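Pasting the structures in now, so scroll down.
Each of the next two complexes has chain A plus one more chain, namely chain B in the first and chain C in the second.
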Partner chain A sequence: MVKVQVKRMIKESFLTVDAIAQRDNVFTRMDARLKVLFCMSILGTIIVLPGLRLPVSVVALTFTAVVMIRTPFKVILARLVPPLALGLIFLVFMLLTEGQNRLFTFHILDIEVSGYREGFLIGLTILARITASMAIVMFLSVTTPIYELGRALMWFRIPEVIVEILLLTYRYIFVLWDEGMRIREAQSLRLGYYVGSSPGGWKRSLRSTFTLMAMVVIRAYDRADHTFSAMSLRGYNGKLARNTYGAWNRIDVKSFVSCFVLVAALIFASL
Partner chain B sequence: MILEAREVKYTYSDGTAALKEVELNISKGQFTVLLGPNGSGKTTLFKVITGLIKPFRGEVRVEGRPFEEYTKEEIYRKVGFVFQDPNDQLFAPTVGEDVAFGPVNLGLSRSEVELRVKDSLDKVGIPNLANKPIHYLSYGQKKRAAIAGVLAMKPDLMILDEPTAGLDPAGVREIMRLLVKLNREEGITILMATHDVDLVPLYANGIFVLYEGKVVLNGTPQEVFSEKEIVRGAGLRLPRVAHLAEILVKKDSIRMDRLPLTIGEARRMVVSALKKDETRYEK
Partner chain C sequence: MHIQDGFMIGKWAVGWYGVSAVFAAKGIYEIKKRSRENQMFKPLLGLFSAAVFFISILPVPLPGLGTSSHAAGTPMAAILAGPFAATVLSMIALLLQAALFAHGGITTLGANTFSMGVVGSFLGYGLFKLGRKLGLSLGVAACIAGIFGDLAVYVTSSFQLAYGGIHKLSVLTFLGVYMPTQLPLSLVEGLVTGGMVTYIARVRPDILVNLGIDKAQK
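Our next item is the complex of A and B:
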């Protein structure tokens, strides 16, 4: 039951994040290029610099920022649960396998299990880096709508084809999600996902899931065909996205300097 | 004639003959409706006359010149096509970007593109939605955004595949009023497909009835709906008002000179019949 709720929470969070990024606040008003630059430099620094201070400061800062713009706690948790789970697995693995200085020892069925100080520190660093990286990506996603992110990426000379795929995915993922949900509901109404004591119930559910997946692929193909026709009728010449950025304005320059100072301060504090 | 189709034939790969020698003439500035039941070939015909698919036989002419003589850019400046499902047509992440797609491809300057986007959104009544992501729009707003995207190409002829499908009555009224406005004020020739016969007499100057891949009737609404048997045989029906008038004539012996197609015409007919009745009674 808890597993199902967590799964649902994670799915919903991906849809809610987009809605949060549409809100008007101090961060969504900032130039997307600046946010991308800031987040990428922080990410790079987190990966390169040793120690726990920088990741912990980044987590604290980004949490303050996302809470400040009233991001629901459920969304924050849902975005962090999968990477945190992965990080904790790493932590346990490193704790039990790396190092020489024992922190503790216990026995399971006559097998001696020991935890080591060095492994704990390495595991903790990995966990902190994963959490900080996820926190910074979460900050970017709740403050920057995907289409703005796409434009910013084009400005940074990311290949157009990648940006176009990103933008088309963003446009059609909601359409296909709705279609998938409609098929699922139609299947459920005709007992396609039998939940009960029937021993063959899981087989039926599996069959329905595969049918659903196949139908979504077929519909995506049909839609792609129609969309290509619509694009051709409006003179499609191989170019979908366009760079609409003009010159940086005065507020952007101020924000740029503030971000630069913030990144420098974080690096200095962590050394 | 802005558009002519001569003996157009098209057969799908599974052997279904979708169009069988279709003849179509659309005059400039007209509001024409292509009436036909589901599966009659309306969408296929639209795909042929917009160049999305090539007919097996026959010819399509735009402003007197064969379709093949035009470059893609020339033809799409003249002919715009609005799909039935706006989700097929709106592929950009925001409304403004989607409307700008066509003008950008025409190689217009940034200021001209912005002007056309603003102008098109104003005309369809959604100027405030330029920065809105498509998936946050209602179905009616999506229809308007799709029309704006085609309007931004400034076409002479706009073809719409069932523009009122899936809309509530208020939405249908709004879209039809918008199309009439574009037809009368902007001078855009409209050709739309529908199977909603009640809409036709209110807005259309001309009708083509398509059935099993053939144009079985064409003319003004009055001319077409006078051919009751052919209309019914084509899987359609008379407008409700006309059907009521037909029953009044048949069962209540009310006399009428012509078949009323709108509520206004029916009202005049009933009032006149009542007056005649009163006069006869007084005598």
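Our next item is the complex of A and C:
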């Protein structure tokens, strides 16, 4: 039951992220190019520089920013849970398997279990890096709508084909999601999914799953035809209409200087 | 499944970006070429990418356990769109998953694209084509592609994690962690991929003919 609720929460948070990014606040008003540049610089620095100070500072700063713009708690939690769980499992694994200097020892059913200092430090570093990276990517996604991100990526010379397919994919995830969920609900009402572990039930569930997946592919194919017709009627000639950036204004320059100072300060503090 | 930001040393992360970029560049070239011939190709890839994204989120029932897991979807994408285009689709899906779901990372996008997009796509597509040449049915060939394409993703990820991390864990350790769960999942992914292709061939054979996967029945 808890697992189902967590899964639903993660899906809901995914669906609402772009809606949060469309709201008006100090970070959404910032130029998307600056946010991309800032977040990528921080990400690069996190994985290059040793120590825990930088990741911890980044986590503190980004969480403050994300809470400040009133990002729903369930969105933060849904983002935090999967990578953090992975990092914690890795920390425990490293603690118990790598190193020579023992931190503690205990016995379970006559088996000696020891934790090592070196493994703990490596596991902790990885956990801190995962959390900091996740936090900075979350900051970018809740402050930058996907079309703004696409525009910024094109400015950074990311191939137009990638950006175009990225935007189309993002647009149609929600449409196919709704259609897929409707089919799944209909299948469930016809007892297409067996809850349990009998081989017959599993076979029925598997059949329903691949029928649903095939239906989604068929719907995607048909919808592509309709989408192309609609795009052609609106003047689509195989290329995305570019919305180019104007000259930098004073607010952009101020934001750039602030970001630069912040990144430099974070790097300096972690050395 | 995907490698998170922070697991990989900087130089390895950059290196995997470089390797994946070669395949992605060829994929972009191919997409541009096919788009010139058929302007609907890019919208079609966008829709397929969204479909594969949705498929990779759907819970797939695991036999005997009463629980479920998720399919990778890469072999299916490679069968539908070709291996180079599937590399680009994987990169886009991974970017969206990292940005919106916190599945995988941005600095490890190159590594994840290589394991899922390059190895998963090429092996899956190669086995599908080989199976068809040997006279296997669409469903069986797609099933084999699904099983080995999925397994190859995890074997590659194990190598990437063992050689690119700040720890000293071996490939066998990562394989030992991955395989108990991924071995049954890859079998199920194979069955699902085979079932999907068979279903489409039965209900809408024109789609497979138009995509060049199957020949028109006379």
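The definition used in the following text is that the second predicted complex is superposed on the first by the 254 of 271 C-alpha atoms of A that agree within 3 Å, B and C clash if a C-alpha of one lies under 4 Å from a C-alpha of the other, contacts with A are read in each partner's own complex, and residues count from 1 in each chain.
We take it that contacts are C-beta pairs under 8 Å (C-beta built on N, C-alpha and C of every residue); 3 or more make two chains touch, one makes a residue touch a chain.
Please read these numbers as outputs of a predicted model, since none were measured by experiment.
Trainee: Does chain B (first) or chain C (second) touch A:Q22, or do both, or does neither?
Mentor: First partner only.
Trainee: By the touch definition at the top of the document, which applies to A:F104: first (chain B), second (chain C), both, or neither?
Mentor: The answer is neither, since A:F104 touches no partner chain.
Trainee: Have a look and say if chain B or chain C is in touch with more residues of chain A.
Mentor: Ranking chain B and chain C by residues of chain A touched puts C first.
Trainee: Touch check for A:P145: first (chain B), second (chain C), both, or neither?
Mentor: first
Trainee: Of the two partner chains, chain B (first) and chain C (second), which one does A:Y245 touch, if any: first, second, both, or neither?
Mentor: Neither partner.
Trainee: Check the residue A:F156 against both partner chains and state whether it touches chain B (first), chain C (second), both, or neither.
Mentor: Neither: A:F156 stays clear of chain B and chain C.
Trainee: Have a look at where A:T125 lands relative to chain B and chain C in the superposition and call it first, second, both or neither.
Mentor: second
Trainee: Please work out whether A:V137 is in contact with chain B alone, chain C alone, both, or neither, and reply first, second, both or neither.
Mentor: second
Trainee: Touching A:L168 in the superposition: chain B (first), chain C (second), both, neither?
Mentor: In the superposition, A:L168 contacts both chain B and chain C.
Trainee: Which of the two partners, first being chain B and second being chain C, lies in contact with A:R234: first, second, both, or neither?
Mentor: Only chain B; A:R234 stays clear of chain C.
Trainee: Which positions of chain A sit in both the chain B and the chain C interface?
Mentor: 167-168, 170-172, 175, 223, 227, 231-232, 236-237
Trainee: If we count contacts the way the header does, which residues on chain A are in touch with chain B in the complex?
Mentor: 18, 22, 145-147, 150, 167-168, 170-172, 174-175, 223, 226-227, 229-237, 239-240, 242
Trainee: Mind pulling up the chain B residues that touch chain A in the complex?
Mentor: That would be residues 47, 50, 52, 72-73, 76, 80-81, 83, 85, 87-94, 97, 100-102, 104-106, 133-136, 149-150, 153 of chain B.
Trainee: Using the touch definition up top, name the residues of chain A that touch chain C in the complex.
Mentor: Listed in rising order, the residues of chain A that touch chain C are 7, 10-11, 14, 17, 40, 43-44, 46-48, 55, 79-80, 82-83, 86-87, 94, 97-98, 122, 125-126, 128-130, 132-134, 137-138, 140-141, 149, 159, 161-162, 164-173, 175-177, 180, 184, 193, 195-197, 199, 202, 205-207, 209-214, 216-221, 223-225, 227-228, 231-232, 236-238.
Trainee: Can you name the residues of chain C that touch chain A in the complex?
Mentor: Of all residues in chain C, those touching chain A are 4-10, 13, 24, 28, 31-32, 35-36, 39-40, 42-51, 53-55, 57-61, 63-66, 76, 80, 88-89, 91-93, 95-96, 98-103, 105-107, 165-169, 173, 188, 191-192, 195-197, 199-200, 203-204, 207.
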